[in-house]
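A, B, C and D label the chains in the order they appear, each numbered from 1.
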Amino acid sequence: MIIVFFVLAFVAVGCAISMLITRNAIYSALFLVLNFATVAILYLILGAPFIALSQITVYAGSVIVLFLFVVMLLGAERLPGGEPLRWQRFIAMALGLVLAVNLGLAITQQAGDLGMLAAPEKGFGAPVEVGRVLFSQYVLPVQIVAFILLVAVVGAVVLSRSEEISHRRELYRKPEAKE
Amino acid sequence: MVPASYYLILSVVLFVLGALGVLLRRNALVVFMSLEMMFNASNLAFITFARMYNALSAQVVVFFVMTVAAAEVAIGLALMVEIFRSKRSVDIDQMNTLKG
Amino acid sequence: MDYTLILLTFSPLVGFLVLLFLKEEQKSALRWVALLTSLVTFGLSLWALAQFRMGEGGLQLVFDQPWFRLSGSQITFAMGADGLSMLMVLLTTFLTPLALLSTWSAVQERVKGFMMFFLLLETGMLGVFTAQDLVLFYIFWEFTLIPMYFLIGIWGGERRIYAAVKFFLFTMFGSVLMLLAILYLGLTSGTFSLSELTHAREAFAGAQVWLWLAFALAFAIKVPMWPLHTWLPDAHVEAPTAGSVILAGVLLKMGSYGFLRFNLPLFPEATLQLAPYMAALAVVGILYGAVVSFAQTDVKKLVAYSSVSHLGFVMLGIFALTAQGLAGSILQMVNHGLSTGALFLLVGMLYERRHTRQMSAYGGIWKVVPVLGAVMLFVSLSSAGLPALNGFVGEFTILLGSFSSSTLGSPWFAGLGALGVILAAVYLLVMFERVFLGPIKHAENLSLKDMNLREVLTLLPILVVILWIGLYPSFFFNLMNPTVSQLLATVQTAAMAIR
Amino acid sequence: MPLSTANEILPAFQAVPWVVFFPLIGLILNLLFGKRFGEKFSGAVASLATLASFGVALSLFFALQAHPEGASVPFLQWIQVGDFVVNWAFRVDTLSVTMMLVVSGVGLLIHIYATGYMHEDVRHNGDPGRYRRFFVYFNLFIAMMMILVSADNYLMLFVGWEGVGLCSYLLIGFWFEKGKDGIANAQAAKKAFIVNRVGDFGLLIALFLMFQHFGTLEFAGVFEQAPVLAAATPGVLLAMTLFMLLGVTGKSAQIPLYVWLPDAMAGPTPVSALIHAATMVTAGVYLVVRSTPLYSLVPEAQTVVMWVGALTAFFAATIAIAQFDIKRVLAYSTISQLGFMVAAAGMGAGVAAMFHLTTHAFFKALLFLAAGSVILGIEAGHARAHAHTDEHGHDDFDPQDMRNMGGLKDRMPLTFWVYLIGALALSGIAPLSGFFSKDEILHAAEKDHLAIFWILLITAFLTAFYMGRQLVMVFGGTVRTRAAGAARENSAIITLPLVGLAILSALGGLLNFPGSWGLEHWLEHTLEGIQPSEFAPLTALISVLVALGGLGLAYAIYAVIQPLTDYRQPDPLTRLGVLWRGMANKWKVDELYHAIIVRPYEALAHFLASPVDQGVIDAVSGGLAWLSVRAGEGLRVVQNGILRSYALLIVLGVAAILSYLIWMR
């Protein structure tokens, strides 16, 4: 089992690093899909099949597709010019290291032994179970999230209709104050 | 049988890599992707905890995070398109109108 | 539970909502709605007065509901009025319609916004005077700031932005320290309700002086006391007429009201300890304001500096801590609102006619505008404290009270303060002479129009009340006397207990 | 001092508020309807209001005959705060009713005179619309003066005190666009009000001291407790009386605050007669006499009062000698005569002071009104003379300059005769009224204060001298200008009040005629412990001789030795050199005050307004603002607009906090 984990972890981290390094945004998106997929498998292992499938459909399926669309639409695969903030690279990496070490230490040293993760009980994380929790205990947040999604849809539509927006902006521009 | 801390450490590594992506990349779209990866890393931690404590609530939270992230991507990308229309670039360093 | 004050305080918001649905172009409708709303509010305040039992000193018409908790401390939605609050409420509701009436011709642009801000301001002011919970008070206190900021900043004169920002920053600076003090008080005592805090004074007795100072700074800036007054001339000169009227008439009173409402009952020992210093500052303010007024060439600035002098009297009376001093101060707060409000209205009328406030642009115009001149003289004399007009009753009782005050311990405060009576006559008569007397020096002044009916209607109520207070102030004194004696008793017993 | 309680006040006394209300009603009627019904209405209403007031005063007078102890008539509660209670309450006693009679009586005659005089005056000054305004002010003055004299407490007295000051302000500045440079009248008005305010400040402090130590401002209460205070802390009582004296010097134009009165002659002549000669300026004397119970307890204060009065009397008389303006001579004479009264009040001779106050009201009002008649005559003459010779004339013609007059005796005979009566009365020639009253003051001084006696005697000489000079210059000698030549007697409405006042001036001595001592017995009921007056034939003889000497000397110099023949001719007294220049320039007191008070105050005001207020105090807040702007500018480097840098800082913060949490705990 631990071997499966290490393989998946290696793929996930590799994809993440590749996404970071590659200069082409399309490649980045593709590496990200791979990363998401590996993590989805980990979710399965951890007894969260519903979430794993959501991950595949929502993230890998729609979000990344959206990304790809936009990248291609804008033609923004590559950016011209070099890195203007060269010094920031080193600081960022150093900080990243600090963060990682700190968190790692916190997990390994300070949290004590977190124990092993055995195979999940049967039925844990099944869509039925998740659904039951979701629509009983969390019914209000679900509504709110639904509303947020609606707002996002409306917002995205409004934002894309740019001509009309600029027209209305003209309409609302206040006249200069007197004197 | 994998120690729980391994998952968490993987989550940390992914998170830090995402953060580095935000810090290092100039392409606003890639920055965005890095953000998604950070979400993903934290989701992983949540799922791990759900497993550890047999708590379905953590899975529900992940579900919410994913939903909101989707919404955020929709808006964010729309904004990006709008910005690209005026700036003709997705270079995040050029979006500095709010310079003090 | 009495809903009168709630109704009263929030009634301007009804007009505000109606205004929302009107269009910018419907100017006269906007004006009428605002005016009628303020008149209704005035009517409500009279109704509140009718329910008010004159002989009692404590809070009446109390509305008290638990609101929310902050770190375990209860915040209440508490409103109530005693004689002091009642007078201030009446002053506010009385001046607001008159100020609105003065905008009929003065405000032509963005009428809708102006009226909306004005009604918001009225709600804020009424809230300040009726709130009986520190947090609620603070909310209303800050709430008044914003409409006034916009009134100055949008409808003001040439340097309106500078003046508005200065006004905002000065007041904000003081309020922040007050907020800290309020939080300290509330969190140490477990309640923000003023009446409960007054009873649980021991809890914060150790920090009294610091708390007192934090409150005092906020109030002293608002009053304004010398040397924190420099925002006032700028704000007054740049503000539109109606804004100046309300600023001078009501907003400044929030400062002195704060001293009476919070500093005195909450920290009586510190009050006693610091009273001579405050009185000294007040006397400096009286003389300084009067002297500086004399040197002004701009009528509005002159009136603004005269406020510093007049409010000096108010502060002197408060810190004399005698019945006469306190009652005189409260009356003088009303007086100043009326006289200075009327002066600003008159200056605004002059400005509308000639578009300048420089005294050198006038001279001899009493011949052309006899009614305006007579009213100006009347109001100036009331401001200068001529007996049988309102200013005298206030100033005299204040000086009388502070002269024999045992807290101040010296007649010098009142003695020097009384010099302000001479100086007030000097600057006001000089102003009157430069503007109205002598020969007409500028040809354009020959065709000035005298007051029209609307302008007469704007000022007439003020003139009537000026005369009323001057000749028969008993009504006002009877309204406040029980409150004053209660306040005085609080301070004195606390002082005894400490000693 | 017996004081009736509220429930046993005589009905006759209850009418006392009407002495105030009648003029107020007249005022309101004039305000409302005066414009519609015209001049006749205005004048009639105002005069009738004053007449009604006089009638009430008379009824009070007769009521007092039966009950001379008087009463205090409460009217309305005014101020009540804590232990401080003041009411609108009226005092009816012999002293206040005497003042009421003088004010309304003389006031009535002057009102009648003014209906005629102002008719001419408003036309001469080119604004007939102001006729009504004049009578509004005049009635307001009567009302305020009545409040002053009928007050039952010091605060109400103070109301009247400042109220008459206001009327004085309004009436001096009645022609506010006239005078030198068009502003002199307005400035004179302002000066009067402000100088009076300085005096009022003193009175205010006195009131505060009273309340502090007596707890009341009512006459009765104050006088009752005064002896206790005098025994305990005489210093306080001294301070109180001296501060009160400051008020007196303001209102009654004594040194050092007399400077406003000569300028106050800018008002129309009836104003000068009523306010600045007969009534308002005597309010100070009334105050001292009313406060006799206080002053009698502190001899030091009495001494000061006495000397102030005597010195003022002398000082003003010297200035009066060298004036050419007919009204200015009378103004300085008024100051001088007020000095007599104040000195008398200071000596404790309250009756003498009141007696002189009354007779002075008669003859000085007469003199002013007659002077007004002269001025009208000269103005009319000037108009007539230049109407048919040359159109323009010389614009700087001053109808009040005595050098422009001369020989009016034949042209205005009635005015001459009444003026002569007034002048002789003022000079103290027996048996006119001034003789008796001045003699009483001199006699009182002779008994205890010899220095004062000599000063006053010299002043009496000077008085006779300048009145003689004036008589000769105005009425005697040759006609010096065409205007004077064309002057004619005025109409009856103007001359009739003159005759009335002339009769009063002539017979006023009967009020306190030696032997009967009517006024003294009358005032005895109010003023306790006054010493009985007596007639000293020797003093009387000396004073008459001195007065005759003064008049004779004036006649000798101005009519015999060097008669004036031309209006450009210098005054014969210029030979006195420095002394003359000093007198003619009013000893430069105005200039002195200007240099040591007005100028420094202006400089201080400008210094405080510009360098201090805008420069220093505002700069502190401005400096704070500047500091925060600077700090902001320094820190804005961090806000470079590059999102990734912000993100870097966020991560830095997260790393720092994490490190702290993990390593430091």
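Here, a contact is a pair of C-beta atoms (placed from the backbone, for glycine too) under 8 Å apart; a residue touches a chain by one contact, two chains touch by 3 or more.
Remember, predicted model here, so these are calculated numbers, not experimental data.
Taking A-B and B-D together, the chain pair joined by more C-beta contacts is A-B. Chain centres computed from CA atoms place D at the largest separation from chain A. Averaged Cα coordinates give chain A a centre that lies 4 Å from the centre of chain B. Work out the mean CA point of chain B and of chain C, and you get 55 Å between them.
For the pair chain A and chain D, the distance between mean C-alpha positions equals 93 Å. Counting only residues that touch two or more partner chains, chain B has 19, 23-24, 26, 93. Looking at chain A, one finds that residues 85, 88, 92, 95-96, 99, 103 touch two or more other chains.
In chain D, the residues touching two or more other chains are 642, 644, 648, 651. Against chain D, the residues of chain B that register as touching in their complex are 19, 22-24, 26, 31, 92-93, 95-100. The touching residues of chain A, counted against chain B in their complex, run 1-2, 5, 9, 12-13, 16-17, 19-20, 25, 28-29, 32, 35-36, 39, 42-43, 46-48, 50-51, 54-55, 58-59, 62-63, 66-67, 70-71, 73-74, 76, 79, 81, 83-85, 88-89, 92-93, 95-96, 99-100, 103-104, 107-108, 111, 114-118, 120-121, 124-125, 129-130, 133-134, 137-138, 141, 145, 148-149, 151-153, 155-156, 159-160, 162. By the touch criterion given at the top, residues 85, 88, 91-92, 95-96, 98-99, 102-103, 105-106, 110 of chain A touch chain D in their complex. Of all residues in chain C, only 166, 169-170, 227, 229-231, 288, 291-292, 294-296, 322-324, 327-328, 364, 366-367, 381, 386-388, 392-393, 396-397, 399-401, 403-404, 411, 414-415, 418-419, 421-422, 425-426, 429-430, 433, 436-440, 471-474, 477-478, 481, 484-485 touch chain D in the complex they form. By the touch criterion given at the top, residues 642, 644-645, 648, 651-652, 654-655, 658-659, 662 of chain D touch chain A in their complex.
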